[in-house]
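In the part that follows, the structures are each spelled out as structure tokens.
You will see chain A twice below: alongside chain B first, and alongside chain C after that.
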Partner chain A sequence: MNILVCVKRVPDIGARIDLTEDRQAITTKNLGFCISPHEECAVEEAIQLVEKHGGQATVLTLGPADAEEQLRDCLARGIDRGILIETDQPEWDSRETATALAEVIRSEADKEPFDLILFGNESADSTGCQVGIRVAHHLNLPCVASVKKLQIGDGDATASREVDTGWEVFSLPMPALITVKEGINLPRYPSLRGTMKAKKKPVDRLSADKIGASLKMQQLVHPPEQKKEVDMLGEGSAAASRIVEVFKALEVI
Partner chain B sequence: MSQFPKQAKVVIIGAGIVGNCVAGHLAERGWKNMVLIDKGPLPNPGGSTGHASNFIFPVDNGKPLTQLTMDSKRQYGELGVERICGGIEVARTEASVADTKRRIASSKCWGIDSQLLDVDGCVELFPWLNRDKIKGGFYTPSVSVVDSLRAGTIMREKAQDMGALSVFANTEVLDVDVEDGKIKGVKTDRGDIEAEYVIICCGVWSPRIGEMAGVQIPLAPVVHQMIDAGPIPQLAHVKGEIGYPIIRDMSVKMYERQTSGTMEVGSYAHRSILIDPDDIPSNEQAKLSPTELPFTSEDFEPQLEDALELMPELLDNDKVEIQYAINGLISLTPDGEPLIGETPEVKNLWVAAAIWIKEGPGAARMLAEWMTDGAPELDPNHVDIARFYPYAGTKKFVWDRATEGFPKLYDIVHPHEQYLDSRNIRLSPFHSRTKELGAVYFETAGWERPQWYESNKTLLEEYADRLVERTNEWDSRWWSPIIDAENIALRERVAMTDLSAFTIFDIVGPGALDVVQKVAVSQMDNKVGKACYTLLLNHKGGIRSDLIIARTGKDSFRVITGGGHGSVDKKWFSDHLPEDGTVQLHDQTSALGTVGVWGPSARDLLESVTDDDISNEDFPYATVKKFRIKDIPVWALRMSYVGEYGWELYTNAEHGPKLWDILWEAGQKYRVVPVGIGVYGTNARLEKSFRLFGNELDTEYNPVEAGMALPRVKAQDFIGKEAYLKARDEDPTTLLCTLTVDDHTDSKGEKRYMVGNFPVLTEDGESIVDAKGRPAYVASCGYGAVVGKYILMAYLPPEYAKAGNKLKVEYFCEHFPVTVDIVGAAPLYDPKHERLKG
Partner chain C sequence: MILGVIEYEQSTMTELSLQMVTFGRDLAEKSGDEFVGLIIGASDNAPLIGELGRYGVAKVITAAHENLKDYAPVAWANTISQVIDQTQAKMVMAPGSDQGNEVMAHLAARSDLPMATNCAAVSADDLSRITRLRWGSSLMEEAILTGDCKLITIAPFVVEAAEGASHAEPAEESFEPTLSDQDIQVRLIRKEPDETEGITLKNASVVVGGGRGVGSPEAYSVLEELAKLLGGAVGCSRVATNNGWRPHSDQVGLTGTRISPELYIACGISGAIQHLVGCKGAGKIMVINKDPEAAFFGKADYGVIGDLHEVLPAIIEELKAQGV
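On to the complex of A and B.
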């Protein structure tokens, strides 16, 4: 199998998110960077599929030069090669990103077609849930989003996603594009040896034309703070009678 | 939770291992009404304690850190939070193997059990070491891991249970109130507290809190990278936290420490990464904690390779994953030692910072004893925050030294090794002249001091038959045979030595006599013009300094002390000035330049450039006098640390170059030689058995043991008198002796000339320990080129302290025979001090 995984470099946020003064971005001075949790699962899925079915996996990202760090991290986990579409602008919108990715995927596929293209369901920062679906549209590929189970058959794939009432199960021909959600697998950490090997794996650097944004950032705002109130009911057995009162008030008992 | 207090006796800022233990120790000593605050939550407020590796290797090559570590280990053990696992420092290179032998010497000096291991020995204790990569190891059975968070909690809760402490987490200090140089309290985001004492125990944040109070806390937060790798199948069977020795891979500056089924791999090999305290994220901003910063993997990559090489069976496995990786923040000071004590700038503002887990409880006990009794049990000299001069509080200096110091943390550091950056901070008025003469400079307290002069190379030929060659690279590192030649020339001709690094201050005003009388052991009520070498004691009778005090007037005294300890001495005198301001301390250090002119031709030289009477009768030994050298006024002291007739000449800094030129030109007739501190501080002073503070003298020894008890005790009271009188009545448990090496030849036939500290053993090679548990070790050593002997100074219990007694010293695991030459103060050279006194 020839698998492609698309990922995005995002800040590895702490508990509180601080905004820059112009409110156009979040402050990343104290933050590391990573890929999104759903994307970690997409990477893991690709590695497991190659382990099971053979072939190779490629990771693709669009971002600043520093995004190589995230590609190397994916390579350390077991992906075979990386492609970085290097940008000098901080943020491309989903339409621009999808167009640039699709173009590169098309030209890569000309050399060796991909059987499967994996995305995370959404990125951890902008959570647009769009890029994967837009790429599928550009490439005219069948697409299922929010997948939590994936089985590969002979030229087709079975993708399942969880809904309130149970599971929706899709069968689709390959090549196909799937966006996956956390829960599909338990992603591995890089091993020491994997980290060493990743240094020697190939990363191609490409560039792409920006088609022009269709969305414009106005400003970021914090959601209103949710007030938390903590009422200490007491310590040890002394708290028992008040707990009973609270349970009664809540009609638990 | 109790109401936030408006007043407290003591406010402790910081609830890491140090702050908690300080609270516990102060409570034990009867302190009440204390408040502990931290801006983070408990039990882990987010400082360096929270991410510490928590392992303790007790043996350091330096005594102060080893003592704090040993005390901390004992306390962790008593708190029931220590688990002994043993530890091996493995060596990959021949240099590292040699250093393990030096570690053995250090462990014997400080009384810690340890042994050398060959490769088989290492592998027997830790079966997964790659035998092909190591050449041996240094094993310390008492290496342990501790639960520092639990220890802190126990100490904190103990103080709370005693009703001595209230605790407020999630409380941030916004400002520190100081009035008239004295602490008043702290402002926090939950209200203000008036306090009699404030103690800063804020680890990496300490400089920020210090700034609020206007005090310098010279430390830099530096990154130490670590990862957790696992699960490791071979370790799955281990019950509890640790079942195998901790490995320190010294040659590549790393360690591997088992934690249940994983291996923590830590590095001190990466580039120095410093973080400004203002840039440390808050608890709210940080993903893990404020001191667990995002891992920068590119810095760690070479170390991964090293770790895989050392333990391939454990780590080189695709299933062994990097589960946790951080850039952990720790504190580093310009000299690598902790910062403990009262700040010189603000009364009652105390600090315990730049302290690691291995020193935490010991440092806390030291601080609590110091605050309670006026003096701690262990010698605080090397860790006293007052040791730094103002320049050392600048961020540039702290940063540069921390940058240079970080790679030394796991490196092989020579006892005389010099910092290469941040130099030329303090230059003597004679600097341009000494530089022209090819001075090789060593640094003390920021001063550039000529250690020897390359221009004296010609002396090597002249004295060739009296010099010894050091073939061993280690023994001759940071050293030159020119020092030995200068030693001989000094005693045959006349020497000029730049002494401008002295710290000099005048104590002036009505009551000045009372001040100096109170701090000095010797009688200070002398005639004007008399100079006196005296010891200063702490409240427990230990030696806290030695210096010169000259009476310059009825109500004025000049104190002259070494630059290395001068800042601490200055604080000590300042602390004992009367509060009404009638006695003042005036620092003259920067106003004066000092040159020593000593040797058989010193008097002839000086008489040739002055019209004043400087004869022995008019200007006797141990006096001071003002006179003129041509057109330069000088203030001179007739004393000598090198034991020759002569003077220390003090002049205003602006006259310095001219004074030097006059002496130099007139000196040509007498074949004057510039002589460096190599002779002054080592060779010549050892020939005279003169003691050096910080080596032979520290607060753990009293004047009787040091052989420096005076024939009579003055009637006036002075600090430490009671303990001093008691020590005089008791038989000493140890005595300072001068020894010489009988044979320098090691088992390979190479002659070794020792440097650093190393143990003194019985003739059978057994350790010697005094009745108070203090092992015998060499505190100073060097070649007395004129007496032609390699001289050692060491404290020995009375049964060994006998002239003529044959003993051994251990150096790089080889034994060398030595003889006890002198017990007490008499020197090998000029025992009656005839040359000195004239």
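On to the complex of A and C.
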């Protein structure tokens, strides 16, 4: 199988996010970076599929020169090759990103077609939930989003996603584009050996045109602090009787 | 006209759909537009129309076609696109669920329009000015949404679902889209019910959650015991999943399950924003943490400073002493 995974460099999950003075961006000083949680699982899924079916996996990102760090991290986990669409423009909206990615994927596929293209369901920073689906339309590929179980058959795939009452199961012909959610697998951490090997794996650098934003960000703001009045019930095991009183008042017992 | 795409399960509107209808109806009232519900491919429209009436929606379009019998994202998007052409809708909104986001992304892609997901506010003066939640709700983006028809999804739990001031039987208009078999190339082939029976994280009235502070997979047994006594379920933070202590299906948070119990008891969880998003729907939150500076205390209704390994056994003992 020839598999492509698309990822995005984002600040570490759980990090404190501060804004620049003009509120056009977040301050990236002192921040660590990673790829989005759903994408970590997309990378893991690609590695597992290659382990099972043979072939190779490529990771693609659009971002600053420093995004090579995230590509190398994916290579250390077991991806074979990286492609960086390098840009010094911080904010690309989903439509712009998808157009640039699709163009590069098309020219890569001309050399060797992809059987499967994987995305995370959404990026952790922008939460747009649409880049993968837009790329699928550009490339005229069948697509299912939010997938938590994936089975590759002979020329087709079965993809399932979780709903309140259980699972929805979809069937789709290959080649296909799938966006995955955390839970589809448990991503591995890069090994020391993998990290050493990743240094020698190829990373191509390309550029792309920005078509112009159609969702035009004006500014970023912190939501108003919603502090609750917390009722402190005590310290340690001595609080147990008051806790049980609260259970009674809330009628949970 | 503002069009709201209704999501339903077995002839009942989903909670996020009710929130979206509440949001859309109130916005339309302020902007002087008509809010119209769009039901696609339902086998029985009547109960959904009745529910929309209670939520103050005066008009409903029901779309039916052989190729809409099973959910198919492209067929859904194509149907909405044809309804937009016919009605000249200014805005289309859907709930910010997996399905809502998926359908709207297909619609945006095929129409080459921008789409704003996870919206928390829309200006009634100018429907193009939106505020959307980013970074697991820790940041808000104010943006201008271009395009003739504004496509948005509504962030979960930014409004509470509320019935309308007036209840009326909505006017129904049926619509038959033109669809090809290409539109159902990807479609739902079957549904599999949840294997876990009884109390689950999604339906539990009490959830006992554990994070980094639990320390090991074995130590969750005390959380399980408390959950059992309270007739609840055990949840966990992302740290616990990533450490392999608990399965991902137990994870509460942005990339896990969004829970809405009457009481959430969070033990040894610091309260990162990605976790808080997942328990926004909880009626009351009790935080047990040995670190008095834990951010979670600022979002809690009840707080206990202490080591969960001491506090939880004491609660269990007290409950048993009282015959629970």
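Odds and ends about this structure:
Definition applied: the second predicted complex is superposed on the first by the 240 of 253 C-alpha atoms of A that agree within 3 Å, B and C clash if a C-alpha of one lies under 4 Å from a C-alpha of the other, contacts with A are read in each partner's own complex, and residues count from 1 in each chain.
In this section, a residue touches a chain if its C-beta (ideal position, glycine included) is under 8 Å from a C-beta of that chain, and two chains touch if they have at least 3 such contacts.
Because the structure is predicted, anything quoted here is derived from the model rather than measured.
Judged by the number of chain A residues each one touches, C leads among chain B and chain C. Of the two partner chains, chain C is the only one touched by A:S146; chain B is not. Once chain A of one complex is fitted onto chain A of the other, the partner contacts of A:R188 are limited to chain B, with no touch recorded for chain C.
Of the two partner chains, chain B is the only one touched by A:N30; chain C is not. Of the two partner chains, chain B and chain C are each touched by A:G14. In the superposition on chain A, no contact is made by A:G55 with either chain B or chain C.
Residue contacts after overlaying the shared chain place A:P64 against neither chain B nor chain C. According to the touch criterion, the shared surface of chain A, contacted by chain B in one complex and chain C in the other, consists of residues 13-14. Within the complex, the chain A residues that touch chain C are 13-14, 17, 19, 26, 37-38, 93-95, 98, 121-122, 124-130, 133-134, 136-138, 142-146, 160-161, 163-173, 181-183, 186, 214-223, 226-228, 230-241, 243-244, 246-247, 250, 252-253. Those residues of chain C that touch chain A in the complex are listed here as 9, 14, 71, 73, 98-99, 101-102, 104-106, 108-110, 112-118, 132-147, 153, 185-195, 202, 205-206, 229-232, 238, 241-242, 244, 248-249, 251, 255-256, 262-263, 272-274, 283-284, 286-287, 297-307, 310-311, 313-315, 317-319, 322, 324. By the touch rule above, chain B contacts chain A in their complex via residues 229, 279-287, 293-295, 297-298, 301, 304-305, 307-308, 315-323. Chain contact summary for the complex, chain A toward chain B: residues 12-16, 18, 29-33, 69, 72-73, 188-196, 199.
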